[in-house]
Amino acid sequence: MRVMERPSATLRIEDVSKVFDGMPAVKDFSLEIATGEFVSLLGPSGCGKTTLLRMIGGFEFPDQGRIVLDGTDITSVPPNKRPINMVFQRVTLFPHLDVAENVAFGLRLARVAKAEIERRVKDALELVRLPGFERRKVETLSGGQAQRIALARALVNRPRVLLFDEPLSALDLKIRRELQVELKDIHRELKGTFVYVTHDQEEAMSMSDRVVVMRLGEIEQVGAPVNLYREPASLFVASFVGSSNVIRVMVRSAGDGEVAVELGGTLVRAAAAPGVRPGTEASLVLRAEAISLEPGDREPRKTEAGSASLRGTVADVRFAGAMVHYRIDVAGVRLHVIESSEGSLLAEGSDVYVSWGVDDALVLPEGTDAESPSTEQERPEGGPE
Amino acid sequence: MRRRRRSWGLLLYTTFVFAFLFAPVLMVVLFSFNRTASLTFPFSGWSTRWYEEVFGSPDYRSAIAASLKVAVATVAIVGVTGTLAAIAVTRYSSRAREALRSVLLVPAALPGLFLGIGLLSLFVRTHTDLSLGTVTVGHVIYTLPYFFLVASNRLLRFDPLLEETARDLGAGSFTTFRKVTLPISAPALIAGGLVVFSLSWDEVLITFFTVGSQNTLPLLIYSRVRQAVDPSINAISTLLLAGSLVFIVGVRRFVVDLQQ
Amino acid sequence: MLLLAGPALLVIGGALLIPLLLLLMQSFVVSLGYGQLRYSFTLSNYSSALSDPVYRTIAVRTFAMAAATASVCLILGYPAAFFITFRLQRARNLALFLVVASLFTSYLVRLYAWYTIFGQKGVINTALKAVGLIDSPVSFLLFSKWAVLIAFVNVFLPFTILILASSMQSIPADLLENGRDLGASAIQSFTKVVLPLTTPGLVSAFAYIFVLTSGDYITPALLGGKRGTTLATIITDQFVAFGNQPGGAAISFLMMIVFVIVYVAVAQSQRYKGR
């Protein structure tokens, strides 16, 4: 499969800023994307990820900074002259052309020979698993098929960088998951440089080599999905990526990368990020998958000294196929716990032992407020969040 | 639970309304095939003699030609200016867009009388001879808002991302317009053009003020009616009607869209 | 954007604004009759128009006819629009298409059609004669204000139905269902839901028909008879027959003031209805 023959490019974004209507959309953004990398820009709406993507594509121009592709400054080059193609958020197939004409659009403009166009269109359609769709009409395509054709249309021009602006967000969950897997396969095959924007952290984590978590126009953290998951640099990243519980605790002692915090009347040890000091309040971040539950009518397992082992009550049970989502009231807070659904389920209202290992918990210094969709906290004093 | 609501009263009423709307016109068409000049039922016979009279009359023939010329010219001018304006309005920011839209719709809010006398004064002052050209000017200003309404209604639904996509794939501004914007907007523009033709073909009041020595068809009918009622008017009226209606067949698809 | 809209703006500027400005100027100039003008500022055109009792009568007649036309159109059109919108499903598009088709039928032909219906040898007369109700043809039908009213209504009714239907269509169907659910009778759901929501459409349609009817010259000329002069007739005569452009212009602008008042009143009422 020789769809993307030209070697992919290295993209360098240097100190790029953009202001809209007096509001900064992107602030001093710098990033280097290696050849053949799959990078996702992840963040909530308004974080600037789409603006940045559009600047790479040439649909917006930075107020400051440069964008350099393989050593060439393309900052002010218009989009039709950049060797970059984009798959847009909505279906933007041209309704007055059939599938083959859509896919061939860029090639025709580049005056590629007719026979070559036919061959490349055929290859592209095969790559997106829609062979034989050449003569189909656009209105007969499903959402998933349409976005695949849009991908084919972008790929067929052999762009040095391929941009994706949340292309799957309008599709059904199942189709989305399918296409995510396929996209990853295509990337592996072509070894192209992909830049992908999304607000769905699962999507970003499952497909990317690196994820850039953005917030209010700036980079919060960059790293491989595993690192972001295990070592979030800030509360924002911790709560945005994965399902985390964030609990405010008082730090009692600190040392050697570990702290002891007070939780539910006991001292619990946890890994600590730099900047956590004794005598201050901090945030304890617990992955929902990292918490273990045992029925409360037996003796709890022995755990290493300092790791948590608390008694709680099951407040809510939600069966979700392979996983079960529990809400447990323990130590004055409500925790979200995800467990495999194998074995017997805990009953609502029953007692449980809640435990996790020292390395499963991370304490972050107080400061940045969290984006916490899955946290329900009850402060002991009962004050507002 | 949805109950079937049968409103026979309303159905009957609405049927009468439709009958009221169409009956007069149907009469004219019917009588144009009457063998005699009488306006009574039943007919004494069917005939196309009035049509023969119309087609044989040089007055009628030149009036038809004149109307055609004016209508085609009007469609051309309004088509170009109106399309550009519709694109401008559906593309740009709100404030300017609303202002432009209002300005473009003003001629439709005034009775044709004012457009007519205004243009007449202008032509008199500038010593312009009245001709089919001046008639065309009148038709252009009269039909422009209607074209704009029809065209911009459809164009508003044009996704701007389509143009960005074209540019992403390598098209410059003009190529984007030619290969993407125009083809996709074509149905709306054609619908608008048909509306303009129909309005121009039928226009009599503004024409009355701006016409020179050459009659258009509606004007000819108007002056004939004022003189005497003769049956050939039925025939020519039916032809006038045909001119307006033949476009309905083509417009149907677009017009139904308009209602949505 | 200016580049795109430029040509259209030029057309409007050249073919509408400049002529109207010219008219305005002319309305303040002295007319010496037969197209001759003396360029000195005067308000005499306006004052004579306003003070002439004949003009005033005709003005009242014109606006009354316009208001009557608009009212009749709304009254007749509302039930039809209601039926089409709320009682038809598959036939609705066809019905609307027919309404639009009747819009496209030539204005002039529909006008002339009334001759064949109301005329001395027209359908009604010959029918009445055949049945024996009358001996000699009734002549009041054709050249009368009733003929004018009926003709106007015939012309503006399709447009009324379309406007009303479109404002009715924008009422979400569940709003009505909800009302019935909560116990409202059919009449109540009509007066409390449909009527208020369609009022803006009603008001706009009224204003539009009023303005266009007031300025219509052709229909009264063909069907109005000797006593059917309207302001439009007067204006046209001033221009075409008497060469008194300033006089005609003055009357035109006085009419325009009335139109502006009507449109502004409509705009204000839309705002107060909490739109």
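So that you can tell them apart, the chains are marked A, B and C in the order they are listed, and the count of residues begins at 1 in each.
Rule of thumb we're sticking to: a contact is a pair of C-beta atoms (placed from the backbone, for glycine too) under 8 Å apart; a residue touches a chain by one contact, two chains touch by 3 or more.
Computed from a predicted structure; not experimentally measured.
Under the touch definition stated at the top, chain B and chain C share no contacting partner at all.
With centres computed from CA atoms alone, B is the chain lying nearest the middle of all the protein shown. Taking the mean Cα position of each chain as its centre, A sits at the greatest distance from chain B.
Centre-to-centre spacing of chain B and chain C amounts to 18 Å, using the average Cα coordinate of each chain. We define each chain's centre as the mean of its Cα atoms; on that basis chain A and chain B are separated by 56 Å. A straight line joining the Cα centres of chain A and chain C is 61 Å long. Residues of chain A that touch chain B in their complex: 57-59, 78-81, 84-86, 88-90, 92, 94-96, 105-106, 109-110, 153-154, 157.
The residues of chain B lying in touch with chain C in their complex are 2, 5, 7, 10-11, 13-14, 17-18, 20-22, 24-25, 27-28, 31, 38-41, 77, 80-82, 84-85, 87-89, 91-92, 96, 100, 103-104, 106-107, 109-115, 117-122, 124-125, 137-138, 140-141, 144, 148, 198, 201-202, 204-205, 208-209, 218, 221-222, 225-226, 229, 233-234, 237-238, 240-241, 244-245, 247-248, 251-252, 255-256, 259. On the chain B side of its complex with chain A, the touching residues are 159, 161-162, 164-172, 175, 179-180, 183-184. Only residues 1-2, 4-12, 15-16, 18-20, 22-23, 26, 35, 76-77, 79-80, 82-84, 86-87, 93, 95-102, 104-110, 112-117, 119, 121-123, 126-127, 130, 154, 157-158, 161-162, 165-166, 169, 177, 208, 211-212, 214-218, 221-222, 232, 235-236, 239-240, 245, 248-249, 252, 256, 259, 263 of chain C touch chain B when the two sit together in their complex.
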